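The following pair of complexes shares a single chain, chain A, combined with chain B in the former and chain C in the latter.
So, the complex of A and B:
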C-alpha cells in the first residue's frame, strides 16, 4: 500500500517533514516496511487543508500531532481488510 | 576574444579593534577587460583608509580611461595627503589588468608579490623593473590560461602569526603551499579568498595585528545556466515558456511544485520525488529526466537568497552550502560557483494556496526574492537575464 505525503511549499511550512518522519518511525516500529510504501508528491491542490496525505486514492488532512491517530485509525485497519 | 572570463573575489580582515580597514580593493569590469587595484595605506584606521581609498580610486579610474600608468602614479603621489607624523604620503599598490580574457598585466609596488597558480602549481612569472616617479614598480606581462589563479594580498597576510604562532609569520612559500591544496577543488575566487583569510585569522589568534586583504582572480570559461520558477500567469503560455527554457544552452534548474509538473508534462516525463531531508528546513528535491535539478520553490529560494547575501558579505556560511545536498545548497553551488551567465524564467501566476495570511509566502515575496537574488548575482559579477511570463 502506498501513502503519499505532500512536500510542497505550503505543506512543508505546516510540518510535512514531521509527518514524514513520524510515519517512517511508525511503519518501522510495526514492522510494516515491506507492506507500506511512503512516497513524496508535490502539491495536491488542497493546500488550505495541509498537510495533504493520500492513501488508497483518498485524501487526508494531517498535522504532526494527528499523524499517530491517522496511523492507528486509518492505516492499520485498511491493511487488515484490503479491498 | 575567447570564451574565458574572470571570477574576482576579495575580502579583508580588519586590524584588531579598528573600525575601518586600511586596505582597499577597487574592481572595474568592462565588456572586454577587468581591472583590480589593491592598495594598502600606511598606518591603520582612518588615515590608512583615506590613503588606500584615494590610491585605488585614482588609479582604477585613470587607468580605465586609458591614461598611462606613469601619469596615475604621479597623480597619486601629488594628491595623497602627507602624514603629519611620518612626513610622507604613502600607499602601496598592486594592479592587475586582464584584457580579452587572455592578456594579463601586473604592476606591483611594495605589496607582497602576487602569487600565480597554474594547473595547481606555483608559476614563476617574469618581472621587469620600472622606475616611475622615483618609485620602483615591477611590471609583468603574461598570457593567462583557463584555471589560472592569481592571488594579490596586503602585507597583513604574510605577517599573520608573527610573534604569536610563528616567529616570522608564514612565508610566501608557506602561503603557496597552503593555497595549492585548494587549487584543484574548483572553489570560487571568493571562497579561495575566504579560506586564505580564515587561515590568517587563525594564525593571528583571532586578533589581527594588521589589516589583511586578499583578492583572488580565477580565469574560467563562461558557463550558461537556466532557472525557471513559477507557472506563467496565463495557463496557455506553459508550453511557450518551457520550449524557450529548454531550448537554452546550459544546465536547467526547475523550482516549484507546480512548475515541475508543467516541465515534466512538457518533456513527457514523470516527476520522481524523494523523502530525503538533508536539511530539515528545506523540502526534498525531485528528479525529472532531462532536467539537471528539480526543487521546491519559495522556501528553497529564500534560503538561496540568504546564502547569496552572506556570500557577498563575509561569506561565513559557504561551509554550509558548499558540500550539502539539499535543494538550496545545490542551487547555490550551481549559481554561485558554476554559472557565469544565468537566465531566469519567472512565471507570474498567483498560487491561491499561498495567499493565506498565515503563510509567509505570498506573491509579492516571490517576485522580490527573484529581484533580490538577481541583484546579488550581478554583484558576484555574473550576467543575468530575467524573462517574465
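So, the complex of A and C:
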C-alpha cells in the first residue's frame, strides 16, 4: 500500500518532515516496510489543510501530533484484507 | 519601481512582453510584423539613426524572442545590424596627454613601444605594443585608454571577435553561453534565444494543470531579484501564470552537495558540475580534466529528476538567472527532466504580459531546501555546502581543500594549475559568472546587496542541515 506525503513548501512548513519521520518510524516498528510504501509529492492542491497525505485515493489532513492516531486508526485497519 | 539595470534590458523586455502577449492571445503569427512598430511608434528615432533601423533591429529581437535561428546551435546570437561596430584600436593615447616630462609611460613599457613627438606627447607604436596596459596604469593624467569592444572585454575566454563585416562574431567552438557579452553589449547586439513561447505553450496545453501538471523550479538567486516585491508574492505570481506549484532548485543543490561530498572522498579530486558554462568550458578547453567533473547532475536537473519520479507526466520549467541553462537542457542526460528554461528577465515579461501586479498579491510560501542548498547561488556557497555535507556524513579523515573560483577567469587559473598537478586544493567550485549565479546574465538586477540577500534567504530556511532537507528523498 502506498502512502503519499506532501513535501511541498506549505506542507513542509507545517511539519511534513516530522510526519514523514514519524511514519517511517511506525512502519519500521510494526515490521511493515514490505507492505507500506512511503512516497512524496510536491503539492496535492489542498495547501490550507496541510500536511496533506494520500492513501487509497483518499486525502487526509495530518500534523506531526496526529500522525500516530492516523497510523493506528486509518493505516493499520486498511492493511486488513476486506471481506 | 526600477526593474532593470540598463535600458538595453528594458528594450529586450518590451519585445519579450509583447511577444508573450500575442502568444497568449494566439495572435502572434498574425501580428508579428506589427510588433516593431508597436514598440517604436512615430517618426522620431530615439536609439539609432532612424526609426526604420530601430524597427529592423526590433524584428531581429522578435525572432530571438521566438527561439532565434534554429540552424545555429548556440543559445547566444549576434544581431549583426544592431552591432555598432565599436572601434577596437587597443591602447591609444588621447588628447588628455599633456606632454609631460616624467614619461612614466615610456619607463613602464617593456617593449619600447612609446615614443614622443616634438610636443613631448606620447605615441604608441602598434607594431610593438602587446596591449599589456602598463602605460595606462602609470599615466598621471589617465591619458591612455584601452579601446576594446565591451563584448570582447566581457568575454574572458576570448570567444567573441570582430567578424569579416566588422560586426561581432561568436566562435561557437569556444563559447560557453554564459551570457557575459549579452549583459555587457551597450547596444544590445548580442542576445540569448528565448523560449518564452514554448513556456506559454506548455502552460496553455496543461489546461489549468488538468492535462498534466506544470512545475516551476526556481533558482535560489531569485532571492536577489524582484526586490520591488516580496519573495512570497513572486511565488504567487508564478502560480497565477498557471504553474501548479513552485519548487526550490536549492533542494536539488542539497542533494548534489550530499552526494558530491561522498564522490569527492571516493575520487580524491573533483570539480563541481552545477554551473553549465563551467562544465562546458572544461569540455572545450581542458578535455583531459573532464573525468574529474562531478558525475552529479546539476541541482536543476537533480530536483527535476526527483519531481518527475513523483509525477512522471508532469512538465517542468526552470526559472533562473542563467543563459547557459538553456544550453544545458539540450544535453541527453538532462533533456528528459527539464522541458523549458526561462530567465528572471523572461519571468518579468511573462508577469507583465498577463498584467499581473505581483505587489498586490498575497504572499505564498517557498520552503523546500536548507540554508546550504540556498547559498549555492553565490560564489563560495557550494564549497561551504560540501564541507557541511562531509561533516554530516561524519567523514573526518578526509582533508578537504576547496578552491572557490569566482568568475570564469578564476576558473581558468585553477583548471590550468589542476592540469599541471600544481593546484593547492582537491575540490574546484567553478562559477562562470562573477559573484556566482547572482551575477548571471538573465538577472533583472545585479548589485552589491545580492550576496547578502542570498545569505539572508538561506538563513530563513526552515531546515538548518542538508540531511534534514533531503532526509525523505534519500530513502
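Remarks
Note that the second predicted complex is superposed on the first by the 81 of 83 C-alpha atoms of A that agree within 3 Å, B and C clash if a C-alpha of one lies under 4 Å from a C-alpha of the other, contacts with A are read in each partner's own complex, and residues count from 1 in each chain.
Convention: contacts are C-beta pairs under 8 Å (C-beta built on N, C-alpha and C of every residue); 3 or more make two chains touch, one makes a residue touch a chain.
Please read all numbers here as calculations on a predicted model, not as lab measurements.
Partners chain B and chain C, brought together by superposition on chain A, clash. In the superposed model, A:59 lies in contact with neither chain B nor chain C. Applying the stated contact rule after C-alpha superposition, one finds that A:32 touches neither chain B nor chain C. In the overlay built on the shared chain, the residue A:20 is in contact with chain B and with chain C. In the overlay built on the shared chain, the residue A:8 is in contact with chain B and with chain C.
Contacts of A:40 after superposition: both chain B and chain C are touched.
Looking at the shared chain after the overlay, A:48 reaches chain B, while chain C stays out of its contact range. One listed stretch of chain B collides with chain C once both complexes sit on chain A; from 43-51, 79-87, 151-159 or 277-285, that stretch is 277-285. Touched by chain B in one complex and by chain C in the other are residues 5, 7-10, 12-13, 17, 20, 24, 38-43 of chain A. Chain A makes touch with chain B in their complex at residues 5, 7-10, 12-13, 16-17, 20, 24, 38-43, 47-48. Against chain A, in their complex, chain C makes its touches with residues 215, 235, 244-248, 307, 310-311, 364-368, 462-463, 468, 471-473, 475.
Per the touch definition, chain B reaches chain A in the complex via residues 256-258, 260-261, 271, 273-275, 277, 280, 283-284, 286, 296-299, 351-354, 356, 359-361.
On chain A, the positions that touch chain C within their shared complex are 5, 7-10, 12-13, 17, 20-21, 24, 38-43, 45.
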